[in-house]
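Here chain A shows up in two complexes: once beside chain B, once beside chain C.
Up next, the complex of A and B:
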């Protein structure tokens, strides 16, 4: 009997553990290639720090983390579109500054005679229009003049940042409508109003990426622009749209940042570029293009906000926080490079 | 164990167990000696009062500073001290502290008019600058410009979005208007609190007006730029030399102290960082105790010049910093 069972199993039993192990390995690799590990990392990080930083789990602090995430999330989602095309938008911080002063200027412009919600909405429209113009400038220079995205957006970063400072002579624009502060800072119970503003953009970005022709074209351009062109993908139009979307999402971020500070500032967002790129890369958006997801960016933003918040709670100086974030982002970029190499070898 | 580790790391939630108060201190920058010295003096003053300090530096980012202040609020600190980036972006921070009933003191840069409640510990920028420039005017009268002409004066301004820079400019304008019989302001250099811009601006001004013989900078941290520009123009000379430019500055840092000692700097308007830190901590304690506290308290400061350096140097925080720097290599 025992022999029989051995015989029966002689063809399958020794191979079974190998097959199971291989399946497990494949599942593990798939998990690593996906986005969920970033969420798991954030949860593990949070739980590991709880004994030494119990304030992390304080409900007020959790609410703070959520509200800190929102403007960064919407800006990082915009950058995601560009990164997927294997481009980069360095001008995103100047777009935030420029739209902040343009929007705030519109809200308090006496000639318009608007107050309250109407003034806020007029400011929001101005911000989106200005952002659209910035994105279109970047997109046209990159697609029509075949200039490298790095150079184009570096130049526009300097130009628009200088423009914001020049237009305001370095001064902030205060006296903004109360409605703007309410939308940006307050909420319904635990849920900030800002979440209701950001949520449609998150859902919209997800639908665009996963359910639309534009999303498929975006990935195709990022993986191989030449092959995409040969296959009939309108590469220039796709890249152009990505830059316009990036700037428009930055304007939404600027709207929230401006409301939080109750001031239009020509230097707003100047120091968040590391966070924007870091959140996207940690969230699995590839710097080499062709890869990215909305869920990944959400997890990346959560992780980077958590690192920031926890290190502040632990009493680390801002310089130590910068070093820690830099290290995390470097590791994420390294992971991305290794993954890209693996894909190249397979191909 | 967690509490021991947490307290060692400065975690606020352990404060109630050891009975010490916890105060969050959020500085916009540690870019210049003044801010570093103020931060250190504040730390020492809080320690002297047996208060634990939580620190946060936002590196010039107003939004980050707001997040840091909200983090202090979430951790229910006993008081908040903010050295803000500007007068407007600090208002949401004050409102957040007000909502939580936490006393908040604004250090060195007063907020714009608002209904939100805070106490400001500031510097009499106008008065200190006016007194400093008046002393320089006295020196100008004692050493008339050649050929019976007026002294040509230059002002290095700060960032005019900063209310402190405006106060210093106005103090300079008032003092120079009062001695317009001996000097004429021929150039105003906007530095935006940037050393490179100051160097470029002063160099250009010296080329356009080679007879400039009277110079005031709105902050000591711009003195190295001014020294470079004056050296390049062959005007970096000690008091008493024919080519000496009557030079005044503001803050009281170690560079200014050394330049005063060496005879290159004629007068320095000094912010008394020790006095301001003392006022700041006392304001937090008084507000917690429900005592009435004035909305604004100004440090009258002092003018340190060549003639009173021996007696007043001890009130100049830069003198202590210079002494520490000198002692460091030996230790």
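Up next, the complex of A and C:
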């Protein structure tokens, strides 16, 4: 990264021309403070398991890992915006379920009479609109009514999850357009269409975070909302936008999950919340706010997906996988706390 | 080194002998030697970073000295932790008080040693009774069962002192005890310190408020760069000499001369600003090139007026005119856009993003000026940020260093100033701009204020230090109970007159 980006986040430390030993210390520090170690961790994990699970490196499996990563990544990136403001969006899984049934319902709605790609696009629009409404509800309750994010999103999680099940009487919505399955499951050569869909959101999130005024303000709010307000940062608008972005990104994830299932499901994504938060935390997004990067979240999602995938290959039960993921996330949080302390001592 | 203090009067309660301490190879204390007599107060003065805190942390068992010797009442003393210090009767009243707000006064006082019956049951009645006695001795009229969160900062400090008395502390260290106290609370504290001395306890008093130090302390130790540059009885030290010893600079240089005289052009006009229960009918005019001081006791509405002006708090009535144009619906962003800036009273809470670095902090208020289509124009912003940081006298190494929380108070304040200077303000409201920072940094901040008004800006300077207002301002607005009690012209600056206005004595 160029020196120009050193103002943002904790991913980089400006290097000053100092003596060699100190420079080495600074490099080590920068590495610890950055996200690359998460990638290194994922690679080490992969290589370490390769002897016992050679199937890991199969081209089909690598393809599977990538396609498993994509929807999780886009959801985790959305959550990242909220986490940076030192908030949390517990309703993200319910947003996925609700947008899934709303989108699927729109795609198969006889009154619209749409088929194929047109139906898929209409569904996508419906998903984004519904997600925007959910995000706006969360954002308004948190900023205008000054309610704690945890309570607000816990309540909306239950409300919208219940709403999705109630509206569908707990049934899935099948018969979705072929185009949706194609987009979600197939690809152009080795490049999945899903990657082409997710990539703009990844790039967009990165630009927002590191290059935009909004990104600067997001970090400022997360670090000290009071000081940000005095400095002219529109705190309420910034926080509101983070929740809307979170929900919108979740809708993109919901689109892909729905396509993979080929069904609109009112219980879609109910089990991924741990993965979303876990990937973000492993990727260096602080639950205390003011810290996070897109690269970190990508590495975190990679690691979580890798753990999931490898344990499946090794034949562990889903419960054992859950236990393993819980342990990994705890260790990551521990390591995060340790490196934070190390950096603090050296600073 | 022979120590003259030891040969006169009261017995020596505490002695430092050649104490050294380094951090990562950087010497912070270079052989500090001095002694403290029983029943005396010793004023420890020095700029931030002179080594005062390190010295006291060694005494309090928070840090362990690299070399040298400490003696307490003639016996060697080498504390390994705060508990050791306590056992030898040393109490530390910290700058940031160490009380648990959600616990009662009695619980706080006996937290480290609850008298118990059996294994777990606390003798509530006994601790409440003992607390009552202790509170009486520090003259705090509060119930032992009252929660600490219901107390004012000054009252909390009294609880800290009561806590020290609970274990019969012989040496009580005060580190900047008056920064968050009202004038009345200060007086109460000083009376209490005198009482501690009469009881034969020793006091180490650390403060940037040199007037207070001179008033309270019999002996002085002046510290500079980890060394004792002078020590002796009060009579040897004039205020002037203390300052020049601390910084190697004369007092008259503290308030740099200003060449510019204020113009008659009104910049900011405030008419009848009111908010029930907060301020009442506040009116004044700030001119181009003027430093208008705002004096008053804590709670007189000084900061509240500033917050209302900057759109942080609402006003029920009143008009604000900026540059001849009305400015009705204010919020911080609009104020900044129209050329206002506001350095808040609390750096930590409202001034800085403590975990962010210098550049991020400096940039945050000026972002709209360096934005195109929602993106930050980094190429334009970066050089301006660095220039602003340099203009307030931040060293290149500090600008590029990590989080601002690692900087000293003075440097942190410079970061806040740089942030506002980057917005090129025409009206700069400064609330306690030099609180808790050392003399050297104060002088630099005064120079910056002068440069600002020389360029035609107006400065509204709120301060609790009357010397500072008298030294810096063209006029002083005195507030009392939310109202403007009077405006004093430079020709009529007089400590007593201003204080009378502030306290409500009225001018005959």
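In this section, the second predicted complex is superposed on the first by the 311 of 347 C-alpha atoms of A that agree within 3 Å, B and C clash if a C-alpha of one lies under 4 Å from a C-alpha of the other, contacts with A are read in each partner's own complex, and residues count from 1 in each chain.
One rule holds in what follows: a residue touches a chain if its C-beta (ideal position, glycine included) is under 8 Å from a C-beta of that chain, and two chains touch if they have at least 3 such contacts.
The shown structure was predicted, so the numbers you read here are calculated from the model rather than taken from an experiment.
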| item | value |
| --- | --- |
| First (chain B), second (chain C), both or neither touched by A:51 | first |
| Partner chain in contact with A:262 - chain B first, chain C second, else both or neither | first |
| Partner chain(s) touched by A:312 [first = chain B, second = chain C, both, neither] | first |
| Partner chain(s) touched by A:228 [first = chain B, second = chain C, both, neither] | second |
| Touching partner for A:271 - first (chain B), second (chain C), both, neither | first |
| List of chain C residues in touch with chain A within their complex | 310, 312, 332-333, 335-337, 342, 344, 349-357, 359-360, 363-365, 367-368, 371, 374-376, 378-379, 382, 385, 396-397, 400-403, 406, 419 |
| Complex interface listing, chain B residues touching chain A | 1-2, 5-6, 9-13, 54-64, 66-68, 70-71, 73-75, 86, 88-89, 91-92, 112, 159-161, 192 |
| Residues of chain A touching chain C in the complex | 4-8, 10, 13-14, 16, 207, 211-217, 219-220, 223-224, 226-234, 290-291, 347 |
| Footprint of chain B on chain A - complex, ascending | 51-55, 58, 60-61, 63-64, 68, 169-172, 174, 181, 185, 257, 260-263, 265, 267-272, 308-309, 312-315, 317-319, 322 |
